[in-house]
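Here come two complexes built around chain A, the first alongside chain B, the second alongside chain C.
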Partner chain A sequence: MEAKIGVFICYCGGNISDYVDCERVREAVSKEPGVVVAKTFMFTCSDAAQEEMIADIRKEGLNAIVIASCSPKLHLQTFRNMARRAGLNPYTYVQVNIREQCSWAHTHHKEAATRKAIRLVRAGIAKARLSIPLEPIKVKTTPAVLVVGAGVAGMRAALALADMGLEVHVVEREKAAGGWVKKWARVFPSGRPGEELVNTLLKGFEERENIYLYLETEVVEKRGSVGQFQVRLKGPQGEQEVEVGAIVVATGFSPYVPKEGEFAYGASGVLTLQELHALLKRGIEGRFVYAGREVRNVAFIYCVGSREKEGHTYCSRYCCTAAVYLGLLLAERYPEVKQFHFYRDMRTYGKYEIFYHNCLEKGAIFLRFEPPDVPKVEVAGERFFIRVKDRLTGGEEVEVPADLVVLVTGMVLSPNENLVNVLKLPVGKDAFFNEVHPKLRPVETVIDGLFIAGACQGPKNIAESVTSGLAAAAKIGALLLQKELRLEPLVAHVLKDRCTGCGECVAACPYEALSLKTEDGKQIAYLNPALCKGEGACVPVCPEEAIEIWGYGHEQIRSMIQGLCKEDL
Partner chain B sequence: MEREIKVLVFSTNTISDPGIDLAGASHLDYPTGVSVISVPCSSGIDPRWILYALKDQCFDGVFIAADGEDCPFLSDCTKRTGEIVNRAQALLKENGLDPRRLKMAAICSVCAEPFVNHIKKFVEGLKDLS
Partner chain C sequence: MIQVDERLLERIAKDKDFNAQACFNCGTCSALCPMGLGLLPRELFRYVLLGARDRLRELSDVIFSCLLCRLCEANCPRGVRITHNIRTLRSYLVKDEYRIL
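Coming up: the complex of A and B.
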């Protein structure tokens, strides 16, 4: 098909035209092969300019357009939509950035900036000339979801998803639902034991017919892609397969387990936060007794397994609050027991500050340390002596006797290598699962249809875990309640006549989007466009140039390079 | 007049492009012979394009503004892009071109100043090569 290209150059009200001679650019590029219209506008993004461009597209029967204006980050979608309104395929639109990457970067060289703008627009025209109309990839959705992990985040997400009318399969590898929360002595804000919170959620499961809970079950295989996953589960009754449109991973955390000897861990009477929960949950009537001996003094040592110089460098964020909250419970039950809290920084953020104050009011004593001067725990028979340089008293060395030492341990990812491998979960630097962007896409992963929620993506308290579980549910609802998904078509495609079936691209693809198959008696690479992310890792490994990304083809890139060089040839 | 050194930058849509855009938005000047072609990810840059730009076309140097650790697609993007650079440099040598004509640096989405510093240094180096 003969190219009929329209080129529209923006003054951006002077932001471009003050530093680039836009009229000269227009004149130079109007002679490029295939260009039938070339115009300048004060603002191409204005309604009036868009109407005029739409009229030109229709009148001249344009099959591609180039707009030289600002960064595509700003207006790529604006002009794609405009192209669609004009009846032009949005993927035959090319945006050339002559503002951020030309006029604004070369404000002192109008002549050179103008020549650069001409080159950039020529490259854009070259790209547009070889552009192919594309349609979004359409995928039918299965109205079902797999939730991996039946802790509070996964359970709350499951309830929300079920209420949207989706079928929910909840997989838990333990014998019971509820995760760590179930084991906790009491939780904010109700002050009830964690188990009661879990039971409320479980009752919600029972009341809904579309939630299926699989205990002692693991995910062993995943096939398919967003909208249509097939997942194989292995449980006490053997293996079975479920079809789902999306997956949410909410496998939670594991408490940090101190090393033998770390703050005397291993000695009887040195507990972790979780072990104190278990002790208080059991409840001891009357006096506070541990291992047959009465406890008069309790020492809490904060930041164990958090904020380390190497290893767990992050703050586990929930532990300060958890420690003072348990300190309060201890003070209520055993007011005669003295508490000493050895902390680095008190991070009882937001609403939880009140617990710190209440704890102070109950008479708990707080001592502040700063690495490398961490508290030293000396074991003296059945007792302990904790020595610390207390920053609150100007670095004075203080010694405190204790009958029980509680190590306020942080969170690490609950290890599950099998799941990471099966689902190809992205793991971040801190060893938790990684979202695409902490603010813009906080529960999505780079794999479409695979979501994460709760403490598996980083330390969270219950409220935050539940919030992210609900966020994942909302995202999945938005995805699956559409009966058909439309995916960005800028993915790879195989040029069958060039492909020799060598398999290099299959090995290079990180998303298992490529496989080899036999077609007309010849082995060639086959691409599942719904799995392809369009990053192009397959492109440079193909010896035959037989695979490329739509919009970034070999010929297209070479002709852009030519366009950028034209004035000098 | 001194001949303008031409540098082709391969940049990525979501990571290094915003960094390079920010350089312009902050009016940080860099040489006008520097032009950008944007691609989805630096792991998808083909060494054959680099050879074409340097051998068959006007460019004096090619700069890969890589995603580095911020890559939204791949956790091993740096390693993969590094392999592309190695292959491309071997290809340049085979064709009698100085491998120093290709340079890679990770440019993050707010790395405006690092980009400008890298590119200025690269252009100076290319002047010496020419």
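Coming up: the complex of A and C.
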């Protein structure tokens, strides 16, 4: 089919035209083969300009368009929708960025900016000339979800998903649901025992018929892709397979365990935050007694296993508030017990600042240290002496006697190498699982249909964990309730007659979208389009040019290079 | 080195109105003191909170030099009852340390 191309160049109200001579660009590209219409606009994104472009597409019977304006990040969808309204396949529209790449980048050199713009638009025209109309890839979705981990984040996500009418399979490797929260004496800000929260969630499970809880079960295999996963589970009753449309990983954290001797850990009377929770949960009648001796002074040492120079370099977020809140619980039960809190920076952020304030008012004494001058714990018979350079007393050395030392331990990822391998979970430098974007896509991973929630993504308190669980549930609802997914068609495809089945592309693909399979007696590469991200790692490694990306074919790229190199500016 | 004296802590804890905990070390009191006392309220109260008995004994001259003018107290953003606290300390020194009364 003969190409009939429209080229529309944007002034961006001066953002482009102050540096790029847009009229000269139009002049230079209007005689390119296939170009039927070449126009400039003050704002191509304006309604009036869009209407005019639509009219041109219809009147001239255009089968491809090039829009030279800003970054595709900004208006790709705008112009795809415009093309659709004009009756043009959106994938025959090509975006050229002459703002960020020309006018903004070369404000000091208008002539060069203009020449670069001409080259880029010519490349765009060359690409448009060979563009092929594409349709989105359609995938039917299974209305079921796998939730890995039955802590608060996973359980709350499961309830939300069940309420959307989806079937929910919740897998937990422990003997009981509830994770760490279940073990906690009292959680902020509600003041209720952690177990109560968990029981509320479990009651929700019982009230819903579409939640299936698998205890002492692990995920051993995953196949398929977004919308259609097959997952194999291994539990006490053997193996079974479930079909799901999406997966949420909410495997939570492990508390940091201090090394033997770290702040005298290992000595009787030195506890972690978790151990203090257990102690207070059991409850002690009357006076505060530990290991047969009365406790008059308690010392809390903060940031143990957090904000280290090497290793756990991050702040665990929840521990300051948790320690201060346990301090309040102690003050309430045993008002005669004196508390000394050795902290680095008090991070009882947001609404929880009040607990720090209350703890101060209860008479707890706070001493501030700064590495490398960390508190030194000396064991002296049945007592401890903690020595610190206190920043709040002008750096003077203070010695505090204590009967119980609580190490305020942070969070590390709950180790589960097997799950990481099976699900191909992306792991960040702190060993927690990685989201796509920490602000804008906080619960999605690079693998479509695989979500993360709760403290497996990084330290979080209960409220934050539950929020992220609900966020994952909302994303999954939006995905699976459509019944049919429409995926971007700009993915790879194998040219079967050229492929020799060497497997180079299979090894290059980071998304496992490629595999080898036998077709008509010949081994060739096979692509699962739902797994492909259109990244293109497979293209250059193929010795036969037998794989290419839709919208970025070999011929298109070559012709773009020709367009860029043409010396008629 | 400051050694925390538990008896002093208990003695101060008995005084319900001693409220130095609220101090967040802003230094307004120090800036306003017309005596330019060698020891500033925030430092003094910090020693008391830590139960630094030796320091209190060393600093008794300063504690008794305060005019009780309340310029600092009127301007304290945390509502620390500075003059009341000073009186408590004087009473402690006189009764418990020097046993004059």
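Quick notes on this one:
Just so we're on the same page, the second predicted complex is superposed on the first by the 566 of 569 C-alpha atoms of A that agree within 3 Å, B and C clash if a C-alpha of one lies under 4 Å from a C-alpha of the other, contacts with A are read in each partner's own complex, and residues count from 1 in each chain.
Here, a contact is a pair of C-beta atoms (placed from the backbone, for glycine too) under 8 Å apart; a residue touches a chain by one contact, two chains touch by 3 or more.
Since the model is a prediction, treat every value here as computed from it, not as a measurement.
Residue contacts after overlaying the shared chain place A:C315 against neither chain B nor chain C.
In the superposed three-chain model, the partner touching more residues of chain A is B, compared with the other of chain B and chain C. In the overlay built on the shared chain, the residue A:V420 is in contact with neither chain B nor chain C.
With both structures placed on the common chain, the touch criterion links A:P540 to chain B but leaves chain C unconnected.
After overlaying the two complexes on the shared chain, residue contacts for A:L490 are found with chain B alone; chain C is out of touch. Using the contact criterion defined above for the overlaid structures, shared-chain residue A:L134 touches neither chain B nor chain C, since it reaches no partner.
In the superposition on chain A, contact of A:R115 is made with chain B only, not with chain C.
Comparing the two complexes, no residue of chain A contacts chain B in one case and chain C in the other. Across the interface of their complex, chain B is touched by residues 71-73, 97, 99-109, 112-113, 115-116, 119-120, 123, 426-427, 436, 446, 490, 510, 533-540, 545, 549, 552, 554, 557-558, 560-562, 564-565, 568-569 of chain A.
Put simply, chain C touches chain A in their complex at residues 1-4, 6, 9, 13, 21-22, 25, 43, 46-47, 49-50, 52. Remark: chain B residues 4, 6, 8, 13, 17-18, 20-25, 27-30, 32-33, 35-41, 43-49, 52-53, 57-59, 72-76, 80, 84, 87 touch chain A in the complex.
Of all residues in chain A, those touching chain C in their complex are 296-297, 338, 340, 360-361, 363, 365, 367, 387, 390, 392-394, 396-401.
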